[in-house]
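One structure coming up, written as structure tokens, with questions to follow.
In this document, chain identifiers A, B, C and D correspond to the written order of the chains, with residue numbering beginning at 1 in each.
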Amino acid sequence: MAVGSEVSKLDRRLRLGMVGGGPGAFIGAVHRVAARLDDRYELVAAALSSDSEKSISAARELHIPRAYKDFSEMAAAEAERPDRIDAVAIVTPNHMHYPVAKAFLAAGIHVICDKPLTTTIEHALELSEIVERTGLIFGLTHTYVGYPMVRQAREMVLGGELGPIRMIQVEYAQDWLTTNVEASGMKQADWRTDPARSGPGGCLGDIGTHAFHLACFTTGLTCLSVASDVSTFVPGRRVDDNVQVMMRFSGGAKANLWASQIAPGNENNLRLRIYGEKAGLSWAQEDPNHLTFTTLGQQPRLISRGGSGTGGAANWATRIPSGHPEGYFEAFAQIYTDIAEQITARIEGRAPNPYSLLVPGVDDGVYGVRFINAVLDSSRRGSAWTPLHAAKL
Amino acid sequence: MAVGSEVSKLDRRLRLGMVGGGPGAFIGAVHRVAARLDDRYELVAAALSSDSEKSISAARELHIPRAYKDFSEMAAAEAERPDRIDAVAIVTPNHMHYPVAKAFLAAGIHVICDKPLTTTIEHALELSEIVERTGLIFGLTHTYVGYPMVRQAREMVLGGELGPIRMIQVEYAQDWLTTNVEASGMKQADWRTDPARSGPGGCLGDIGTHAFHLACFTTGLTCLSVASDVSTFVPGRRVDDNVQVMMRFSGGAKANLWASQIAPGNENNLRLRIYGEKAGLSWAQEDPNHLTFTTLGQQPRLISRGGSGTGGAANWATRIPSGHPEGYFEAFAQIYTDIAEQITARIEGRAPNPYSLLVPGVDDGVYGVRFINAVLDSSRRGSAWTPLHAAKL
Amino acid sequence: MAVGSEVSKLDRRLRLGMVGGGPGAFIGAVHRVAARLDDRYELVAAALSSDSEKSISAARELHIPRAYKDFSEMAAAEAERPDRIDAVAIVTPNHMHYPVAKAFLAAGIHVICDKPLTTTIEHALELSEIVERTGLIFGLTHTYVGYPMVRQAREMVLGGELGPIRMIQVEYAQDWLTTNVEASGMKQADWRTDPARSGPGGCLGDIGTHAFHLACFTTGLTCLSVASDVSTFVPGRRVDDNVQVMMRFSGGAKANLWASQIAPGNENNLRLRIYGEKAGLSWAQEDPNHLTFTTLGQQPRLISRGGSGTGGAANWATRIPSGHPEGYFEAFAQIYTDIAEQITARIEGRAPNPYSLLVPGVDDGVYGVRFINAVLDSSRRGSAWTPLHAAKL
Amino acid sequence: MAVGSEVSKLDRRLRLGMVGGGPGAFIGAVHRVAARLDDRYELVAAALSSDSEKSISAARELHIPRAYKDFSEMAAAEAERPDRIDAVAIVTPNHMHYPVAKAFLAAGIHVICDKPLTTTIEHALELSEIVERTGLIFGLTHTYVGYPMVRQAREMVLGGELGPIRMIQVEYAQDWLTTNVEASGMKQADWRTDPARSGPGGCLGDIGTHAFHLACFTTGLTCLSVASDVSTFVPGRRVDDNVQVMMRFSGGAKANLWASQIAPGNENNLRLRIYGEKAGLSWAQEDPNHLTFTTLGQQPRLISRGGSGTGGAANWATRIPSGHPEGYFEAFAQIYTDIAEQITARIEGRAPNPYSLLVPGVDDGVYGVRFINAVLDSSRRGSAWTPLHAAKL
């Protein structure tokens, strides 16, 4: 989807609502840029804060026409409007994903939800059941699979270019929680280290689930079981901040996953390496426009977004030529644009572009919650191998 | 200007018009994304094509409310409206910059213009004179100085962290014109290799001026004279495709500039290195979020956009934390956002944020045209040292 | 130990013997270069092959004056000579390390032995006991700790620059055993995949022990227990070829170790990352002259071998200025030179340079064998946490 | 020439003498390591210092059996011995290359000489004439063409894989002369900045000639003329420290050469890029084991020393597998080993391995002196294009 083909056949932009993500919340502003970038949405309704006054004033400041006090009021009111929102973006702390998603699904509105899906598997399964029953579109913002080169990796793996997969190395390291910053009132750290709002996983839920989804997405394999060692290194912290996981996948593949927020020198270091019988590949989020691919016995090749030899999946998510870096916003925008394509196709009564279906859905969210639970279980039981389906329900 | 502080005090978005850049023109779509990204503009008027019918239909497709047949009609009509556009973006081939800019300046409308400013120095000087006389805002889209790390480099150089500058290495290499693609009808190549539309410089005007501006912007120095060797390697090509320039700057600094569009393996390889008496630095457009800085006798340090030790100029142009790559669109958006800040401040009767003034203006455009002429002159005269001011006018 | 200070005070070179490593054996030639590079040894005696005729002829071809049929003859004969060898280098397949080392230690000759030390813990402990009893010098060629930047890492960690260590990531990936090359008679693969000659560990013994030693060496920590998943991916292979290990260290540090010889695109990819409470560092064998060091909240610094801010341990192992790459041979030579320093000091009746004591010894070898056994045990027992000391003896 | 085939058929090592390079002189020790590394030489005679007493004592310390007071005595004495040296290595400041080389050539001894060849073109031509007349072997230690990947580059260019060459970028940047270190008595800087000992070129002769030779060696092209700007940035310095050169080559290729010793952050940054009609390549001395090669319209490939797809020229200079870095010493050793091969072949009455002839000879030295003179001439004449043959004689 080059920038040049920026035009939707729909004679209007989709109407988007947002819950959470008021001024000051980093990720809310990112969602808004992402929704705006490809010009497929117009943000027309919002309940941006859990404080009803702030919720109204924040929407006004952002020139959002329909400002609501809270998500319940918003879901109810929008459901009644002829020009109601096509989709709602849920950008709250984790514990609110479930009630908000449920309310809007009940109102017949498509959902774009931040990850992890919920803080309990029961809630996750309930949302999945609702989505299946209603047929509504549910997108989960695992941002990193919006990167074209991640999609290229998937296409190459599924196309057999690596042969059967043997080993996956995925890691996601940061350093911003190396000290007890939550004690000093840093807002981002505060809710993420509060189990009541983040759910049982800290680092595990926040970034471990991204790494897990990335490994599953790019290989198309199913994780069967995990053996893990979950740590909390920072004194006083209430959730994990370093997670080591060994994994076994369908087809005999194995994997290591490491997620850490206490690794000084790592900014947002998400890296993926996949090794098959015939070839291997490597990708890093901090250099997202490149993919290194090596067929056994041949010279490593550098695949460049927008460059030579990229496939349809990557090209669908590419806006500008190689050498002009696309970044985090564009990956995020791709998630939004893919969901827009799905919604637009629904409205127009046609099949969506198949590449738009690569965006993660509610069942990926269920899978992520299972992963969180299994990893915590395994670690509690001396790193015993723990099947994903058995993990606490 | 973090994403979190995305709110302008103005109670509306600025109204933007666009001339040129219809569907199919790569750079038009880029301008639209750039204008939209920080939510400071609404694109409300356009004359997108030199073909009047296409001009109308293209605007319709893009949901632009006020569609005009051509730029003259648009300038005249907008001038009359109470809700007229605040600024026009000129996204045409080079030879049209001058008449379009002149028309909108005459209508009292601020201008955002692609580079190089004009195809002749006379036109450039005339535009400069009009801008000075009218006091209108004129922004030139030298995209690359929208990158935060480029601004960081400038701040460090001007702050004396490198000491007096001795040597500058700047290069801009691409490979997309390695063969005679213009002969096969590639639209981007076609007008860029046609002197009637691109002006006298080919590679020199298209990317050499970017490299030149980058060197001047980051050092704050004035280029006094050039000795150059300008080549056309591809048979049948009507403009240059490889340019070597030695430069002498105010204060005794020297520089090499190399611009090439026939260097296989280079996608959009703009690189800058600056060496002073005390320290050196290095930046590359294809890895734009990092800057390497080395004080003589100390260990090289990696400065990261959004990371430790960045200054006010870089932070003003930063939206998200380090490790989350920003790219070409965000650099381009910064140019638009800086101009929005200037326009908004004008409307609000206050001084603009000083960092917004880093965006290049009409006099940078004049300087760029002087550079083109001096380089061509020098090369014609056996690489003789040629002062910039003496270059053809 | 700069090249400039290449002179030993001893009025002769040390006399070196070699067992194993005949022409065709890659590592034998490497040992000879390493011994020669710093001019501290003269290779005067050898039993280069298990075939007695080849043993004699190979020594002749290499201009080695004293050629022996086998190691027993050599140990006996050298023991009797007034000008007997100062040290013997053992460069055989793993299963021969024990008998050869025992024979030369019995002859009162210092030993330089390839890793892993032995194929059983009983043999390892016996060698350790002999070394302790005789006081002879025993060096183990964990080549990679000969690299100056590895020693720099150790010095920084032990000097407290990282604070207490929390997490270690070490990996050693290769791809040369991705297919069943041993079946096609490749000599290097043949003995390494034969448990009778390599010992119980395949990839684990060959490269896993290097990674393990590197983690211990650089942090000074003791590995308490391991939980592992050991795989043989290539059908028909008799030893492991991919090893995943989670480790717990003294002081609460944790670690991941991954060793693989079936990872296409990895040549000799040994990488180490260490994270403490205050800082983190990263080193990679394929770019051995650099170390990246990041103090939390500061900019990453690139430490260069021979460059600014390196410490005594690194400088001792540095021959030429920064920017002039030293490589694998020089690291290997450092192991030899450190042992030469120890032997020379012994002869001269003085204390050796303390940095020369960084070379691994017999107890590091015992530790490595314990590691092999513990990892295999853990994997057999469903990845149960297995203490190192309890591992099979 | 893999390490495994380390055996010469000659039944002895070659006898090497050395003039200059006493303890304390960096490059002398490097030459000795280089000569020793592949075991083709035995250093048996030396006049290591211009001070006759030091000359004797230094040789004793290094265990060199035949110690001479000065080069004249050495040349005369060696000429008379039946076991006289096969070759002499000249490791003095530049102004002594001529008389020493002349003396040993007169004695019928092969010469290995540091670069630049001489300080005047007259001396250079005289040496060339003597070499031609005597048929003696004369090797010039342009170290960097000893790197396997440099030879790979040459083989690919000459094999037509890049098509006709259009543009060459070569640069050699260092920072060790950024301040006036010669004033503080630093020995390395002292003679290199003294025109009486270094010759007319400072940076130009010391490293510019390396860059020049590298460009010529890898492309096989002849430099026709230069336009240059030669600078001395450090106050009080008596020679140049920054050199910019535009070059024109046979066949229409053009080039930029930049050599600088005042560029903070550059350790020994020699880089080469070559662009032809069909492909481009890039190599950097600080990462010498890799070469990036891009065929137009294809993905860049990373060629690794010892890895897949390397040719005969690179393999001849390769000792160990890919992933095990070879460095500066090994490149230097290759120069020595190539000359050893030439000398050995002469002794054995056979043709040398053709790859050994890649080592630079006396005529490359003449060419380098012409380059120095032409660059200085051009700069003095306002950067006028100056043919190489016309440069001062």
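The working rule: contacts are C-beta pairs under 8 Å (C-beta built on N, C-alpha and C of every residue); 3 or more make two chains touch, one makes a residue touch a chain.
Keep in mind that this is a model prediction, so the values were computed, not measured.
> Along touching chains only, what is the step distance from chain B to chain D?
Steps on the shortest route: 1.
> Give the chain pair, either C-D or A-D, that is connected by more C-beta contacts.
Contact tally favours C-D.
> Would you mind checking which chain's C-alpha centre is most distant from the centre of chain A?
Centroid comparison gives D as the farthest chain from chain A.
> Give, as an integer number of Å, the spacing between the C-alpha centres of chain D and chain A.
Chain A and chain D have C-alpha centres separated by 55 Å.
> Could you work out how far the Cα centre of chain A sits from that of chain C, in whole Å?
43
> Could you tell me the distance, in whole angstrom, between the mean C-alpha positions of chain C and chain D?
35
> For chain C, write out the residues touching at least two other chains, lowest number first.
266, 300, 304, 307
> Along chain C, where are the residues that touch chain D in the complex?
Touching chain D: residues 2-7, 11-13, 23-26, 29-30, 32-33, 36-39, 61-63, 174, 266-269, 285-289, 304, 307, 319-330 of chain C.
> Which residues, counting only chain B, touch chain C once they are in their complex?
Residues of chain B touching chain C: 297-304, 307-309.
> Quick one: which bits of chain D touch chain B in the complex? Just the residue numbers, please.
Residue list for chain D touching chain B: 162, 166-167, 169, 171, 175, 178-179, 227, 229, 231, 233, 242, 244, 246, 248, 252, 254, 256, 258, 260, 262-266, 273, 275-282, 292-296, 300, 382-385.
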